[in-house]
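These are the structures, in structure tokens.
Next come two complexes, and both contain chain A; in the first it sits with chain B, in the second with chain C.
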Partner chain A sequence: MNRKTKPTVRIIQVILAILATFFAVYPVWFVLLASGRAGQRLLTLNLLGTFIPTEWSFENYQVMLFQQPFLDWIRNSFFVAIMTTISCLLIATSAAFAFSRMRFYGRESGLVLFLAIQSFPGVLSLVPIAQLLSAIGLYKNLWGLIMAYVAGTLIFTTMNLKGYFDTIPIDLEEAAMIDGCGPVQSFFLIALPLARPAIAITALFAFMAGWGEYVLASVLIPAPDTAVTAMVGLYKMANQLSVPWGYFAAGAVMIIIPILIVFLYLQRYLEGGLTLGGVKG
Partner chain B sequence: MVQWSGRRTYLTVLAFIGPTLLGILIFNIYPILFNTYISFTNRNQFHPNPDCSVGLTGIFEPTCWSVFKKSAPQGLGTPFRLQNPIYANYVDLLGDFFTAPVLLAAFKIFLCFVPLIIGVQINRRYKNQFDRPISSGMMITIAILIGFLLIYILKIPEALDTIMKSGDFFVVTFRTIVYVAACIPLFFIVGLSLALLLNVPDLPGRTFFRVALIVPWAASTVAIMMSLVWKFFFQEKGTINQVLGTMGIKGQVWLNDPTIAFLVIVLANVWYSYPFFMVTILGALQSIPSEIYEAAEVDGANYLQKLSNITLPLLRVAVIPVIVLSSITTFQMFGTVWAITGGGPSRGAGTPGATELVMVYAYKQVFQTAAYGRMGAFALIMFVLLFAATLYSLRLSRITARGA
Partner chain C sequence: MSVSKSEATANKTVASILVISIAILLRAWAVFMLPQDYDEPIYLQVAFDYADAIRHGDFNAVINNVEVREHPALVKLVYSSVILALGKAATYVNAFYASRAVSAIFGVIAVIFLAIMDPVAGGMLAVHTLAVKYTSQVYLEAIPHALTILAVFTFLRTSKEAPDKWFWLSALALGAATAGKFTYIPVIAIVIVYLAFFEKKIPIHWMVLYGLLAGTIFYTLDIALWHDPFNRLLESLTYHLHYSQGVHVAEVGYPWYQPIIWVFTSSPAQWHPNVFFYFGFDGLISIIAVSGLKREWIERRWLVIWLASGMLFLLVWPTKWPQYALIITPALCIMAAESTRRFYSWILERESYWEYLREMFPQPGKWFWLSIAAFVLFMGVIYLSAAIKYTVGRVGWSHLTSESSFLPSDTVYDLLLGSNGQMVMATEKGAAVWMPPLSVDLPDRWQLFNTHNSGLPVDKVLAVVRDAQGNLWFGTQHGLARYDEKSWRVFSATDMGLQTDQMRALAADSAGYVYAGSLSGISMWNGRAWEVLPAFNNEQVFGFFVAKDALWVAAKRGVFLHHISTGTDAFYPTTASANAVLVDSQGTVWAATSSGLARLQGDDWTYFNTANSGLPYNIVRTLAEGTPGTIWVGTSRSADVGGALASFNGQDWTTYKTDNSGASGAEPLAIVVTNGQVWTATRTAGIDIYRLGDKR
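Here is the complex of A and B:
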């Protein structure tokens, strides 16, 4: 392995990497450029402007923040995402612990059934869910949306956490049990603190599921303009007859950048976090 | 294994998994049951409202429950009722699939895959033998060649055409299968090449590339928005045409061309999904001990030999679950396609558009024409297919895990 790489091979490698990076980053970079361009156009008159910033103004951001209901959207989205994360963790950790540590009738088949249930086409359960929520009066209500999100991410989070609990050695809990520790204490005092990394990753995924989801949100909270989540609001904006592209781009940047930063910061855990549980069989 | 004894064990278990069960029961199992029931009724835009006095309707329809009865919709038109015969929606969907010419066409298509299946079986049989009569790669190549020959002999395009004419269901399902078959290999190839590239230890700027190449994954959490950007690239006054314009080429309205529109949704999906593959493969690559490669080098193996005989077989365990998972999510792809093409370009009224994948089709049928009954049947058929695929894949990944 210690042979020196030939210069030609090295050059090809670097060129490939640069091309791939361009492919990966350009769409996001493009939105960033467009958001700083005054006037409602994504197109620039000079070609250079599509690739590097030739002009920059914060006009679009100002309009988005102060003249559009954008802050309402962000608040709604944030509320939904945070509540989804918290409720999901509360519910899923205990279930995952039970599936990992306790023996009861239907444990194995229950797990398989959970996975298989997930393959039901989500688009088609929209109507029953909307009907159910409107019957109990939570239609067009953020709490209804949160309930639907929690249920939607529950299976994935339970599986992921169960996989991690399986990797924690049971000896600690056995020792505690001899000292008279019951399942509830064992869960709160031993398993939860040990599962902290998996909980962090699961929380990240639950948050992102709530932050970026569009279809459910558009069906369950279609109107009014101040009650929708950021995704629905921006999507509506981009489907008007004359699209205010500059505003759209500014809004998109303000939604993507925080996610991007968190994601890139946590990226070294991603690989570990995903293979921690689940797929080890 | 810890076993808390005592008569309250079941209560404890219930307390732990109760909330999860309740959530899944309400938001996953109830919609499935509801859809199953609706699939046997004629609920559509002309009969949207329930008749609560019918037994099962009263049970399944939330607005019929006595607690919520005051909010029940009071509409004009007769309420929906059970179909006569009860499976009429299924007949409607599957059309004349069960007639001789269509079944024959389906059988012909199946025949083309027979050589491949036989080849794989033979390979499995000789798996661990050194002096095999024929190498596994050669076996597969021959099988594929015979398959192609059969495609030519049996006039498969015509057979496909026969099946396509027997209903929308087959058109959208076939198209979705083509979509998955186009996407997954691309995910794998792009993910593998970039992982191999990032695994070069002395690549200049390796950390930078590693971070930059993962950006689409982060962006995929707001997929619907980035899809609008992808749409913009290919618009009439979009970026691609602008770049072409400065070179003096007049571009076209890319998304109006069925083939190009299809390729665009494949490309956008590759953009979203390759980082997942890349990260998984990179992780697996780094867990392969370098001694194996050193041993191979001593034996004089070149790069390609090392790749095909060491790297790829050792990646299998990590990659197969990812492939299965992505296949199922790609099959159910909705948001991206909806935002980029909306199912279009149209191929005439009453027929699904050129990029109308199963979920887009279902969404349109439910929300634009209110065909609840028919789509209930559609959902159920899809569910059975995907359910079987999931169970099979669980078996598959368990086998590979044991083989590792």
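Here is the complex of A and C:
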């Protein structure tokens, strides 16, 4: 049965789609325009300049790259994000596999506890985390921040992966075990390759947690300027009296682009990855 | 078979070129970016002394130079040759960077030697943060570090049958390394002796000749020993023993295991995160190296002996400076390279069967890599263009700060040009008189005044002026002080008939009168007593300008004109506080106001602000005239700290901000233009000096 949409409905749909797209894309476009505008102006009196680049210079980019410790911030963010991703994958995959495949004392209560912790607002744990890191000498240290991020993201990533492992038929691993595989080999050689889409989304999630987070980073690495992450560094450029919008926008663009490239590349995983773990479990 | 061999050679060549390129880039970066380290000025000063003596043909002065004689002379002599090559253009700054560059060249040579032996090991040394740091500074490490690698490398190639060119080259390298720094020698000597007697079975008489040649080279290159070799050598060695037990080493208080920390962490990456942006792999290299100890003991025992004897030496020797760890870095890199290679082969073998990594890791398409490359290229181009732009902009700029000079404080309120190029500075922590050097090879001179050594009532000096009799007057936070080169006299607000004793502005005219402006009016010194100028009662005075018979006053409400001879006054109100006033050589009156630069035309002001001119910021703090008709303007940001300098020639504006010049970006408080230089006193960054050159 073929139902034909009425032209008026079609037009309304298209208009709504255009509006929604504009609403989503314009902020990014606005930041891009501000990044190329001379001076530190967020807005321009030129109406045309609000929508298209009527003036453009790379001065803000030059200042950010050469006069601000922007490359240090990017380096710190990359380090934190990558180490968070690796640590998260190492722990979450093995934990999720254990929860999915093995029966051990405390398994059920552990899963319930995971859910309970997940419902706890992360910001509330800020002070204890800071105190804990201070006690072990990792306050103002990127490794301390990584530990905090890993602890924070582990719940979701483990649950997500556990859900996905549950969807993989255990018969495959049993068949491998008949052929001589041990539990570790069946984990590495059978389960992990089959869980690639879920691992990809987990990696992306962990990377984003380490890359774009602000609150923990600003508290756990307050100074010096060269040691902070990109988000904190950008925010520190502003003060109570003024915000250097041009620098801010240029920095934002340079932070967005690499993530945008990674997102575009991983989008095929994104389409299904998040829902993969929700099928069962 | 031959194809695979040629392929392997080609791969090794490509790897070596890559490694050497990385070594060059990292060391060049370090040369320019590393801050001056503790011993660098000491070695450079000796190099200057050597160069000076050589220039005058006084070689005895070189041989008998006692400064840091505990270290052999070769490396210091190399640095002095750099200074000699620079000739008359040699200054501390260019000699510093040129000497660093020479050090870095030897750092790269060390990498080349190791890369020839093993490209992977060369790559590890290329990125080793300790090696990069201490072979890119004006230290003594780079040359002996490279030469010890050469000594071992050539000895390994020595034939077992009879001494060949490699054998003698090794002796030459070892002798030269000893003339570079002693600390490398105990360890390398043990390695050479082990190789000679236990692996190559070289007869003892050949080794005696080896030692004699090395000793001769050492004596020849360490010219400090020429006059009295045995005593001086003994002095050097005993100095090190005493120093290791001395106060300095004890004060630093490194634990006995500190060398392990140096080797297993990338400390330079923590000290200089902007230089070692890649965090450093020193710890990883050491861990990988140690993981292969057992295998190396069986296959290349000399490496284990190098590492063990080196580490033992580092642990036992009480002096624990980080650069000493360079003794064992080549051994660590060679061992780590072999372990890495074996691990890679192990992985590759399994991967060829399972294809696990290929399966597990994403295989991004060409668009992904192209996007990443485009982004990196974009960043690189922007960075490079900024580097060129700022480097060009910084030409002609220099700075006097409390760190780089005797300037008492980085907050400088006023400047006064004296005779013979002198500059008197009023600062937060006293006054200073800067005198230019008497000749190019002598340092500049400073005279400092504060409450401890002078009659200044307080340290905070806000204004300075010299009267017709040559006395210096200092306006301070609490009163006025006069200095006649012999004695001081202090005047309080009560003495001057004023209500507040914060003296913000001073002026003197040719008749000998001195005007002191405070937040409650003006008092005039007539040579005997103070007279209050009644027209300015309760006026907040910020600046003066004396022109012929006229005293121009910048005040809170605007600009006043006071005719000195007649005592009559005129008032020109401004829209915001007038911070300074200036009458240029063409008779035009300018006012620095908090709402822009104002020019008096008739009885009205014409304002230049950010909206209608090239003025960088609307708050104008200070003014000065450069070449006739060119006004220099110091502006401050309204909603933030800092400011910018600008010049206006009546038509065009030129601004000097941090992004287009070498200006510090601090708020300018006073400007003096003299001898083709613009001196700008700033609130937070000392004094910016700009040599006008062609841009005048």
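In the analysis below, the second predicted complex is superposed on the first by the 264 of 281 C-alpha atoms of A that agree within 3 Å, B and C clash if a C-alpha of one lies under 4 Å from a C-alpha of the other, contacts with A are read in each partner's own complex, and residues count from 1 in each chain.
As a convention for this text, a contact is a pair of C-beta atoms (placed from the backbone, for glycine too) under 8 Å apart; a residue touches a chain by one contact, two chains touch by 3 or more.
Remember, predicted model here, so these are calculated numbers, not experimental data.
Aligning the shared chain A places chain B and chain C next to each other free of steric conflict. Touch criterion not met for A:Trp73: it reaches neither chain B nor chain C.
Once chain A of one complex is fitted onto chain A of the other, the partner contacts of A:Pro258 are limited to chain C, with no touch recorded for chain B. Of the two partner chains, chain C is the only one touched by A:Leu192; chain B is not. The wider contact with chain A, measured as residues touched, comes from B rather than the other of chain B and chain C. Shared-chain residue A:Ser242: touches chain C; no touch with chain B.
When the two structures are aligned on the shared chain, A:Ile117 is found in touch with chain B, with no touch to chain C.
By the touch criterion defined above, A:Phe156 lies against neither chain B nor chain C after alignment on the C-alpha atoms of chain A.
Of the two partner chains placed by the overlay, neither chain B nor chain C lies in contact with A:Phe165. Of the two partner chains, chain B is the only one touched by A:Ala20; chain C is not.
Draw one line from the C-alpha centre of chain A to that of chain B and another to that of chain C; the angle between them is 120°, to the nearest 10. Minimum Cα-Cα distance between chain B and chain C in the superposed model: 15 Å. Residues common to the contacts of chain A with chain B and with chain C across the two structures: 264. Contact residues of chain C toward chain A in the complex are 273-274, 277-279, 354, 356, 359-360, 362, 364-365, 368, 371-372, 375, 379, 382-383, 385-387, 389-390, 637, 639-640, 658-659.
Remark: chain A residues 1, 5, 13-14, 16-17, 20-21, 23-25, 27-28, 30-31, 42-43, 47, 50, 90-92, 94-95, 97-99, 101-104, 112, 114-129, 131-132, 134-137, 147-148, 150-152, 154-155, 158, 170, 173-174, 177, 182-184, 186-187, 208-209, 211-212, 214-215, 219, 231, 234-235, 238, 245, 248, 252, 255-256, 259-260, 263-264, 267, 270-272, 274-275, 278-281 touch chain B in the complex. The part of chain B that touches chain A in the complex is made up of residues 1-4, 9-10, 12-13, 15-17, 19-21, 23-24, 26-32, 34-35, 61-63, 65, 68, 71, 193-194, 197-198, 200, 202-205, 209, 211-219, 221-226, 228-230, 232-233, 237-239, 242-243, 246, 271, 275, 279-280, 282-283, 290, 293-294, 297, 318, 321-322, 328, 332, 334-335, 339, 358-359, 362-363, 366-367, 372, 375-376, 378-379, 382-383, 386-387, 389-391, 394, 397-398, 401-402.
Partner chain C is touched in their complex by these residues of chain A: 58-59, 61-63, 65-67, 69, 71-72, 75, 79, 188-189, 192-193, 196, 200, 226-227, 239, 241-242, 254, 257-258, 261, 264-266.
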